[in-house]
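Which chain is which? They are A, B, C and D, in the order written, and residues in each are numbered from 1.
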Amino acid sequence: MPTLGLALMGTGRMAHVYGPKINAHPGLRLEVVYNPRIASAQKAAEDYGGRALDDLGTVLADPRVDAVVIATPTDTHVDYIEQAARAGKPIYCEKPLDQSLERVDRAMAALDAHPVPFMLGFNRRFDPDNAALRDAVRNGEVGRLNMLMSWSREPSPPPIDYVRGSGGYFVDATIHDIDLLCWIAGERPVEVMAAGSCMFDDRIGAEGDFDMTMTTLKMPSGALAHINNSRACAYGFDQRLEAFGDAGMVQTVNHRDDNLLHWDKRRTRALERLKHFFLERYDRSFYNALDEFHQAVTSGRAPSATAEDGRAALAIALACAQSAKSGNAVGPDIR
Amino acid sequence: MPTLGLALMGTGRMAHVYGPKINAHPGLRLEVVYNPRIASAQKAAEDYGGRALDDLGTVLADPRVDAVVIATPTDTHVDYIEQAARAGKPIYCEKPLDQSLERVDRAMAALDAHPVPFMLGFNRRFDPDNAALRDAVRNGEVGRLNMLMSWSREPSPPPIDYVRGSGGYFVDATIHDIDLLCWIAGERPVEVMAAGSCMFDDRIGAEGDFDMTMTTLKMPSGALAHINNSRACAYGFDQRLEAFGDAGMVQTVNHRDDNLLHWDKRRTRALERLKHFFLERYDRSFYNALDEFHQAVTSGRAPSATAEDGRAALAIALACAQSAKSGNAVGPDIR
Amino acid sequence: MPTLGLALMGTGRMAHVYGPKINAHPGLRLEVVYNPRIASAQKAAEDYGGRALDDLGTVLADPRVDAVVIATPTDTHVDYIEQAARAGKPIYCEKPLDQSLERVDRAMAALDAHPVPFMLGFNRRFDPDNAALRDAVRNGEVGRLNMLMSWSREPSPPPIDYVRGSGGYFVDATIHDIDLLCWIAGERPVEVMAAGSCMFDDRIGAEGDFDMTMTTLKMPSGALAHINNSRACAYGFDQRLEAFGDAGMVQTVNHRDDNLLHWDKRRTRALERLKHFFLERYDRSFYNALDEFHQAVTSGRAPSATAEDGRAALAIALACAQSAKSGNAVGPDIR
Amino acid sequence: MPTLGLALMGTGRMAHVYGPKINAHPGLRLEVVYNPRIASAQKAAEDYGGRALDDLGTVLADPRVDAVVIATPTDTHVDYIEQAARAGKPIYCEKPLDQSLERVDRAMAALDAHPVPFMLGFNRRFDPDNAALRDAVRNGEVGRLNMLMSWSREPSPPPIDYVRGSGGYFVDATIHDIDLLCWIAGERPVEVMAAGSCMFDDRIGAEGDFDMTMTTLKMPSGALAHINNSRACAYGFDQRLEAFGDAGMVQTVNHRDDNLLHWDKRRTRALERLKHFFLERYDRSFYNALDEFHQAVTSGRAPSATAEDGRAALAIALACAQSAKSGNAVGPDIR
């Protein structure tokens, strides 16, 4: 198996997701952990291996670094993309590309000028259940696709500081569902209608954000899609898809930690709540996403989740936010 | 058990639903079958019993007629309500009251002037599963109610003549989901957003109607509701509810004709498709609705599904139609 | 539809099951309710209609009585069968025929001498789920049938007086599972092995009976069958079948009163316990069994559940009792 | 975490299961791979690491070898146990200990004489679902335990050479279910009754063995247990448990590779068959079993699956074989 030496950019939450997955992959080699603060880089390098570096030029000049994995704060993604592209390094970048379309366009211009392999970390595409549902749709198992639905309800609201920097609920979270649904449908909406409320955490409302939304996407084919998002969910991380066509329907089912059925005097029940959150539920998808990047780069083909996908999802999420504010249908700014 | 002598007004499809249910109920007695065309009345009387009459005055003057069940074409409901109310007869009226708010207001004025017991046939409220879900919500089993969802997908499009006279998909069908959700939530929307397509039957689109819609209701509490409607459904009559609150979720599950699980080389499957359509799925709810009418009238209390409920559901359905046309959120004209 | 006038013999628990079903069937007419104590007959006739009679000769001589339904105490079945057969009346007889093979043989001799249509009330064959499972097996959906399993767990032990007169748990209850499994398999065991315990009600053990048994049937084809019986079951009336063949498996699923799924902080659960007991679970099967009798008699064919079936099931049940006592495999005395 | 250096004895199928698990465990270190044929040892060492050795004395004298994992052919287990015990090395031994009670007693005598930590590889105890079911039973969630059931149906018959050396179906496979059920119940049977057939592979019957069995265990408490075994199963590796008590029931559910539900014109179905076989279904249990061994040895307590457990399971399996042959209940030779 051809191997890739990687520089892991960043040492935060997502870097802690990718570090162990890189080590577990037989074709990936963690060469460098980069953070402008060397102490952070050193600590992460102790956990996952690789050399700790705080100088970007050194990282990008290192011939043992075949590619970079960008897992830094969102507002730095575009800068690192520009520099890595200029250095000719293939790029795996955690989603979203950025919260502003202008900056995303700058990144895309850089990738046009320096066409390195680029993959955006829309990890949910690489979840086996989601992929199986898409395959079923693409293989015609539901006939013509007419409706799509996606639920993503998180166990509990994030810290308010996270919310402040998140770009709003649509850009932070709905963007995942938007990408999934467009990827399954093979088309992007001409118009969106969204509604939001704040019912779980008043501090989120005080920021002008929502903690609960319902979104409708109108596709060019006439298909309609519903996205159901909540920042809180008592029974765990609720992740479901439903694809409805003229020949039938396919649904994904939530995951659990065990498989016990319990029958008692009053009822029958499954013993355990759902998987806690995305690290547990989508654990395998991060590995699979890195594997897609590895396969694409080593075989010379383009990775399947593109910067263009990221731009479109962002444009749609921004249109949702505008619709939720205005009460009107909004056409997203997709190039 | 105190008994009520009934006049069944009308001999069409819904009269054929109510006839056998009246006969099966120990407290109801079919006294009269009325149709202005006597031959139709006679034929129905042969099937279900009762005397065939074609003169409305005779029906309403008959002392053995304790109450009327109006199952005539929708555009005649208001006239019969006015006359029965004037004659002092308790009224059970099949939904909808009418397709126009003006005429509904006329019926309500008649009921104000002649306050007889009145019940609107929102039969789905009397389905045991739907009622159990509402009880669970009302008993606090999901905590504070934040989201509601209702699916109603019909097995196949109705004849185009039916569509033409139906008042449009929202008024004809979504109105059921609207009433259910408002009844469960205990509140009515301040604004609705709806989107529609025509993907199953071009003739429906040619009439300017939709055969597939997604609707969002924004409740005064902040709760959001989604309604998912389709005029076609390959796997049968898909009827589901989902109530999501801050302490959990309750869902109803579709009904089937059998209970076999089949395991073979490729997969596990349930043997049979869903119940075919509303006559099969909601069979028991029509009986239960008549039972509610019987209990209310014989005990002197008001029936639980009111004319006001019917007016509100119609106003919301009309707002949905307007939103689907304009792309804007619309506030329904609820008095 | 050709109709049959019926004499309902007996006014006990099973007569109360059959009375309403006879009235609900458009081809059956309850002519007579018979009990040697006229007061009991009169009371039942008030409930279900028909003339109350206490003289058997009068009943069997009545030309309006086209057939008899024997729902008297088990130890009187054979006598009534003999007399009704002699009178030339078609017979529907509640199971079991009798608790002794000798008396069963006497009944069969009477039916040989006076060959009237005869049906034994093995109602569980007429349950739609059980019938669908058998159809699946017979249609080859599991390939060659290799294993069969039947669970029948009752909600709570019967009164001890009932137990005393029941002929023992195998003869009283396992006989249902035995008949079902032989009917599905299309063959009868060459040998049985059974084990029993008494863990729920000591009074049952004091009678030398079991309240919990596991039985193995060895079929001539090599197929094996397991029967799982319990006189108590906290979660309701547990009724399941499993048919396992070389191409797959078919299972029936328990019935419930509602269809709610409830998700909360700890788990997901169905809201309600199982159907309470056989009157609720097998309600429809009694109607269907009478319908089979009606169809067979009015069309001149033999009913599908025969006296021979009843004799075989009894012989197998007696062999089970002997095996549970001796610890040895026992070959049943099937003629 | 304290670490253990291991010698992996054997390079066959089970060694290939344990090799990767040892490498994945942070507290285990593969020091040596042993096989009397050095070429085999070298090949395995290339795959999993460790030094290849063909001399047992060298292995057992190596101070870097803290413990041995015996994964050699069954008939060599006892010899290796004796030698490792004599050398003072803690032992993890793949099940079964041996096919003969005499040789098992020899091994137990050796362990008495040289009391090293010893664990038998009853991996199914370490499956999370099985363990959760036992916990539920032990925590009283079903009340008093009255019935236990275990299904183990394998996807397809093993090669006939395997069958010949397996000690018979009860000793080879039923022994797993026996151990599980005794472990859950906390008691061992006083008597067993078993029945067997050969319906899938005639060559197995020609060896005097069965490919399909039903076994009943009678426990001292009065509880009854059923074991359902088949050498073939069209829909995959069917592994289920059911624990029935006076307060309710707990069941484990089979595992699948995906979680799609598919609804079409005829039915609803899950897309995929069950996990293929034990390597897939019990993958995690082998890791967990090694983890139990690691925890026990490094903390100085006895491992939870003992040689005594292995002897009892074998004695019960041999009694089953005798019962299936004789048709009589047999009391197992448990010391």
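Keep this in mind: a contact is a pair of C-beta atoms (placed from the backbone, for glycine too) under 8 Å apart; a residue touches a chain by one contact, two chains touch by 3 or more.
Chain-to-protein mapping (UniProt): A, B, C, D = Myo-inositol 2-dehydrogenase / D-chiro-inositol 1-dehydrogenase.
As the structure is a prediction and not an experimental result, all values here were calculated from the model.
*Asks:* If I rank A-D and C-D by number of C-beta contact pairs, which comes first?
*Replies:* C-D
*Asks:* From the options B-C, A-B or B-D, choose the one that repeats interface A-C, i.e. more than half of its residue-numbered contact pairs are shared.
*Replies:* Of the listed options, the interface copy of A-C is B-D.
*Asks:* From the mean C-alpha coordinate of chain C to that of chain D, what's the distance rounded to whole Å?
*Replies:* 42
*Asks:* Could you work out how far the Cα centre of chain A sits from that of chain D, in whole Å?
*Replies:* Here chain A and chain D have centroids separated by 41 Å.
*Asks:* Which residue numbers or ranges of chain C touch two or more of the other chains?
*Replies:* Answer for chain C, listing residues that touch two or more other chains: 234-235, 247-249, 263-265, 271.
*Asks:* Which of the residues in chain B come into contact with chain D in the complex?
*Replies:* 234-235, 263-273
*Asks:* Which of the residues in chain C come into contact with chain D in the complex?
*Replies:* It is residues 143-144, 146-147, 149, 153, 191, 193, 195-200, 212-214, 216, 218, 221-224, 226, 228, 230, 232-235, 238, 244-249, 327-329 of chain C that touch chain D.
*Asks:* Considering only the defined contacts, which chain B positions touch chain C in the complex?
*Replies:* That would be residues 128-129, 132-133, 136, 141, 247-255, 257-265, 271 of chain B.
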